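The chains carry the letters A, B, C and D, assigned in the order they are written, with residues numbered from 1 in each.
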Amino acid sequence: MSKPRDSYREDVAGRANVEDTPELLAYYDELESFDAGALWTVANKIEPWEPQSSSQPVLWRYKDLRDHVLRSVDLVTPEKAGRRVIYLNNPGRTDVAAAVGWIYAGLQVMHPGEQASAHRHSASAIRFIMEGTGAYTVVDGHKMTLGHNDFVLTPNGTWHEHAVSADGSPCIWQDGLDIPFVNAMEANFYEVHPDLTQAVAYPVDDMTKTWGNPGLTPRGGDWTKGYSPMFKYEWAPTYEALSKLAGCSDGSPFDGILMDYVNPVTNGPVMKTLGASMQMLRPGERTKAHRHTGSYLYHVAKGSGHSIINGKRFDWNEHDIFCVPSWAWHEHANASDRDDAVLFCLSDLPVMRAMGLYREQAFGENDGHQPVL
Amino acid sequence: MSKPRDSYREDVAGRANVEDTPELLAYYDELESFDAGALWTVANKIEPWEPQSSSQPVLWRYKDLRDHVLRSVDLVTPEKAGRRVIYLNNPGRTDVAAAVGWIYAGLQVMHPGEQASAHRHSASAIRFIMEGTGAYTVVDGHKMTLGHNDFVLTPNGTWHEHAVSADGSPCIWQDGLDIPFVNAMEANFYEVHPDLTQAVAYPVDDMTKTWGNPGLTPRGGDWTKGYSPMFKYEWAPTYEALSKLAGCSDGSPFDGILMDYVNPVTNGPVMKTLGASMQMLRPGERTKAHRHTGSYLYHVAKGSGHSIINGKRFDWNEHDIFCVPSWAWHEHANASDRDDAVLFCLSDLPVMRAMGLYREQAFGENDGHQPVL
Amino acid sequence: MSKPRDSYREDVAGRANVEDTPELLAYYDELESFDAGALWTVANKIEPWEPQSSSQPVLWRYKDLRDHVLRSVDLVTPEKAGRRVIYLNNPGRTDVAAAVGWIYAGLQVMHPGEQASAHRHSASAIRFIMEGTGAYTVVDGHKMTLGHNDFVLTPNGTWHEHAVSADGSPCIWQDGLDIPFVNAMEANFYEVHPDLTQAVAYPVDDMTKTWGNPGLTPRGGDWTKGYSPMFKYEWAPTYEALSKLAGCSDGSPFDGILMDYVNPVTNGPVMKTLGASMQMLRPGERTKAHRHTGSYLYHVAKGSGHSIINGKRFDWNEHDIFCVPSWAWHEHANASDRDDAVLFCLSDLPVMRAMGLYREQAFGENDGHQPVL
Amino acid sequence: MSKPRDSYREDVAGRANVEDTPELLAYYDELESFDAGALWTVANKIEPWEPQSSSQPVLWRYKDLRDHVLRSVDLVTPEKAGRRVIYLNNPGRTDVAAAVGWIYAGLQVMHPGEQASAHRHSASAIRFIMEGTGAYTVVDGHKMTLGHNDFVLTPNGTWHEHAVSADGSPCIWQDGLDIPFVNAMEANFYEVHPDLTQAVAYPVDDMTKTWGNPGLTPRGGDWTKGYSPMFKYEWAPTYEALSKLAGCSDGSPFDGILMDYVNPVTNGPVMKTLGASMQMLRPGERTKAHRHTGSYLYHVAKGSGHSIINGKRFDWNEHDIFCVPSWAWHEHANASDRDDAVLFCLSDLPVMRAMGLYREQAFGENDGHQPVL
């Protein structure tokens, strides 16, 4: 007895609309025995009219997660756990352990004097510092000291390790990786550093000092790797840049004052598979709704407000994290009339653009605002 | 009663190795209620030591499938089916209807005088002509006449339709698309042409005549789209190119004489998400084994021989199709000492390269040849 | 007694208009003693309203020069002369030995069995074969056999030598180089090969066989040098390309069917400092006048006709050479109603484009045709 | 009676070495009547063994020129002079009014409330502020306020005007242009703005605020013009960048700590034809000698010291200007053991690199130091 195959029929010219018959079902069974199938049984399923994301809009409140993150210190040792991280598990993406789409994210905690073992992998990572002092990261021998809201890269294939210096305080940061994507592409490799740690081979923070100068590049500094040589992007100049741009630009109706973190050598994304941006919602600002392809994970760097995602309202405060799945309508509002709010965003926008898959649409009705469900 | 979470433990420094305890299991349950999880319960799973493809090596014999393909003409009308296509369904990828990895492929049949309705989608497609005369494709108003082993593009976002002229014969060709990839990226859009057909707006075969000239480009011919303007690549000059290269190059120990189809404006891949190549195995040639990331679908354009994939031998003849999953060892052998064999290959190599995920390894033992299981 | 300095005055707002006075003349003399001057004495001269080329339009008739070229064989030995070349000496550019602008050109003759000594220089060269059989060129170990209207490159910094095989006939070709430009940039280096000749290290014509295939590139064939790897461009496929394009394009009102020779790796010019193109004037075709920046040296590859340059008519036949200086009006006409005419053109267009200095203007009056003086 | 033609003979294999004879002289005269010549009479001249610059090393002392610059205010009106500029006239380049090679430079003075008329030209310009307050430049509607050692661009084809605000003080700055180069390329166009002035259309200093942020770019800020959108580069962040780089780099043995001003969108030169850099000589630093192709005009931004150019010593102080011609040996020394010295440099390095003509050589003897003549 064959299973039915006509569940995706559509009565539209140019779409498949074939009813199961005993003869066809027998034919389908035969095809299956040759590892084949009839396209019209699945065509409408695999060629949707528009994207339907399997991810759900989710808000993770820092006040909900912070205690659990801290508790992990008591529950597991770094030696046993590798890293003490609570990861964000989108209900629609639990099969690949993603926060949204193909992006992994987690909150990691580390105590003064602790150090994760050095390793490398094909996945690319970022780290966004939430609290504590003394955190640092070493990438291919370059040591970066890290403070509040600093953003650091550990690109594809680089040896890296995270630590907190002995004179620091307990640190929490957000990790973000393209692990689900690299796994989906069946291209992930993992190596533990033979010494479990690596030597610091350059002056501290040399990559940011060398490459992070506006309009100036070191003579002879050829850099052709597929990621930014400016491994660390600090919060203070980032906030200053947003403020300067706000002073001379109207910004975007959908995003306020939005800047992309870039590889200074290419002005392109910081890594090939992951992009990052920071955006300022000016006091009282409420943006209009739009949607675009790609998966987006927001982290509230400063202030409070709310976002409406596919008609549902999510209120957020500092260090909350929320996601906007592909092709979901979204708009943001700053809760304050006096202070700005700033959102950090990690995304796969570089993949969408490089693959020619980026598309964007404004919400046309109701003066650009979604009805809230 | 909580489900166990410690199934991925590894007793290796730097890897997660945490045993379930009642306290931890309660903690995990609590995390789940916040759409979160403990990384160490899944870390070893999502960070594998090397890629494990979910696709299986498969050979589809043309002699097995041809009758079934032809039979579809009697079983369904083009109006009902949209297109009469038997798709290749890799046993490891039936969830996404892929032949290998994220690549869809099918065999399509069309009778003289038939024409598929015009449509467009975010997925990119290629078509490789297997038999019959009079086939043609129209892409954004450019009509391409198609013969045996010709290769034609219908890129992302272009209006396109396939047909066989009334004075032709029944035609069969292979379709290849990135539908599974574009779906996975949640970026697929589909549109039926409002007129169900499009007008031919240019001289027949103009794109190949304009862009397919070695070392010459039309003055003023600016082309900045993300795909090749040379929509059709004919078999005769392709085979001639391989023959010329064979006369002045030793070729690759792993691939014989291998050339990539390229966008003549960039010398890069024909489309951003799909690459295609043609390779000649010289009389008597037997290549050495290697493996690389990416998913590869071979189509035997000429000759016969066999390939060994992950230790299993697959014998092939003209128009057979077989796949090499990511990171699978593979080597090829021409069965003839007098004639060359030629393999067409469709792959996601452009994605792997653009994302910095391409990696390659030679099989070091046994003079480069796998033991056959 | 000071010399007058007010000869460039213009009575136009924003232009310099300062009359000499004794006080000013004394001031100017003083400035001169410090290697300085007053800008307003030269401003109008060095900032002209539009380019005034120092080159003159010239036509060099092959029937005038051919005998002189052949006579050089009797007059000087290759050992004494280095190469037996009659160079084209534009009356406005005799100071730099240029045919037009910064482009050198000459007609070279060589007898069977002769071979020029191998050398290299920072200047880039091309060679366009006019008559004879057996000519060949060796570039960095790659030997190219050359026939009528073939076009070969000897790029900046490559070891090269020209020769005619012992079984050939006396050969004449046009040389074209950027010597005047490279000298003007004070960047010319010259070296004689230590052995005066170089070994042929590759299969004959391998570069054209490897790189001259439409829409196909050798896998792994990374080429990053600043010039085309396709050292030879043959006449037959070039003429075929023009014919194909003529069949599917209206061409340009100013240039008929015009194709640029390109580096197949970049689709850009064959070398950084010199560009080359081939254009077909269809039977009866008469183009409209336009002008553009850059210096252009035409060589009649096929047919006969005339060009009108800055209002003066120049009638040309096969292998005649003529120049169009920068910003000179020009239009072309094919003399035949039955046969096409084909013009090869060597230019510094790549320099003009790379430096952002290319500009173009159509002749607006008289239906686009210049009055002939 | 013919003039002699054998003055460039060299007795070296592969070089021309033909003695005049009556027969040859008659032949040469005949060739001349056809606008042609015999290559061997000029070959050795036009193919030199290495570059011989026609420019001389020159130092222009600010204390020599400053009074003359200021005096121009009394001698000519802005209306009559267009701009009151004293230009640097290299003794070897007076024919093209260049300071070195193809680079023009001058010192301009402007009094408070004055404003030059707006114009545009194909030449590209920079301006480096030496003294005074209130200077500003408007480029295509963008107003830049300018202070000491600030560097501003007025690229090819942009409307621009310079002025000093009414509440400022007399200002002096250095102009630098590629006028001689653009004239040599016969591509210079000049236009006076129809209104003689242009409206300020954007917030003051918006281009530097928008584009001058390290590692951050405005979303949607597509900039594809051939020059930097960051029209102004301020001294303070430039000096800070040099100091930071000095803290984490050994610098170059030839140049100390050297950074190039770049277009932030490309990391390439600020304009296609002119490059600029700033270099720090650390306290007590004395560099080694090297030479390279290209023409270089130095401006002492800070400190004092000396340079040895082709064996001749030039002592310099703040705001002195000196040139290094193509392929001239040069080395620099800071006079102070306590303070750093900083040199601004304007050059045609982008042209040399884009044309594949850059070459460089270290001085191998005497521990890298030239004997001083």
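Everything below uses one rule, namely that contacts are C-beta pairs under 8 Å (C-beta built on N, C-alpha and C of every residue); 3 or more make two chains touch, one makes a residue touch a chain.
The chain lineup, named per UniProt: A, B, C, D = NADPH dehydrogenase.
Keep in mind it's a predicted model, so treat the numbers as computed, not measured.
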Distance in touch steps, counted as few as possible, from subunit A out to subunit C: 2
Neighbouring chains shared between subunit C and subunit D, ordered by label: none
Chain whose average C-alpha position is farthest from subunit D's own: B
Separation of subunit A from subunit D, taking each centre as the mean of its C-alpha atoms, in whole Å: 45
Between subunit B and subunit D, centroid-to-centroid distance (C-alpha), Å: 53
Approximate Å spacing (C-alpha centroids) for the pair subunit A, subunit B: 28
Contact footprint of subunit C on subunit B as seen in their complex: 202-203, 205-206, 209-220, 228, 230, 233, 237-238, 240-241, 244-245, 247-249, 252, 255, 258-262, 264-267, 277-278
Subunit B-facing residues of subunit A, complex: 12-18, 23-24, 27, 30-32, 34-40, 42-43, 45-55, 58, 60, 64-65, 68, 71-72, 75-76, 80-91, 96-97, 101-102, 104, 106, 117, 119, 121-123, 156-157, 179-180, 182-193, 196, 226-227, 272-273, 293-295, 325-327, 348, 351-352, 354-359
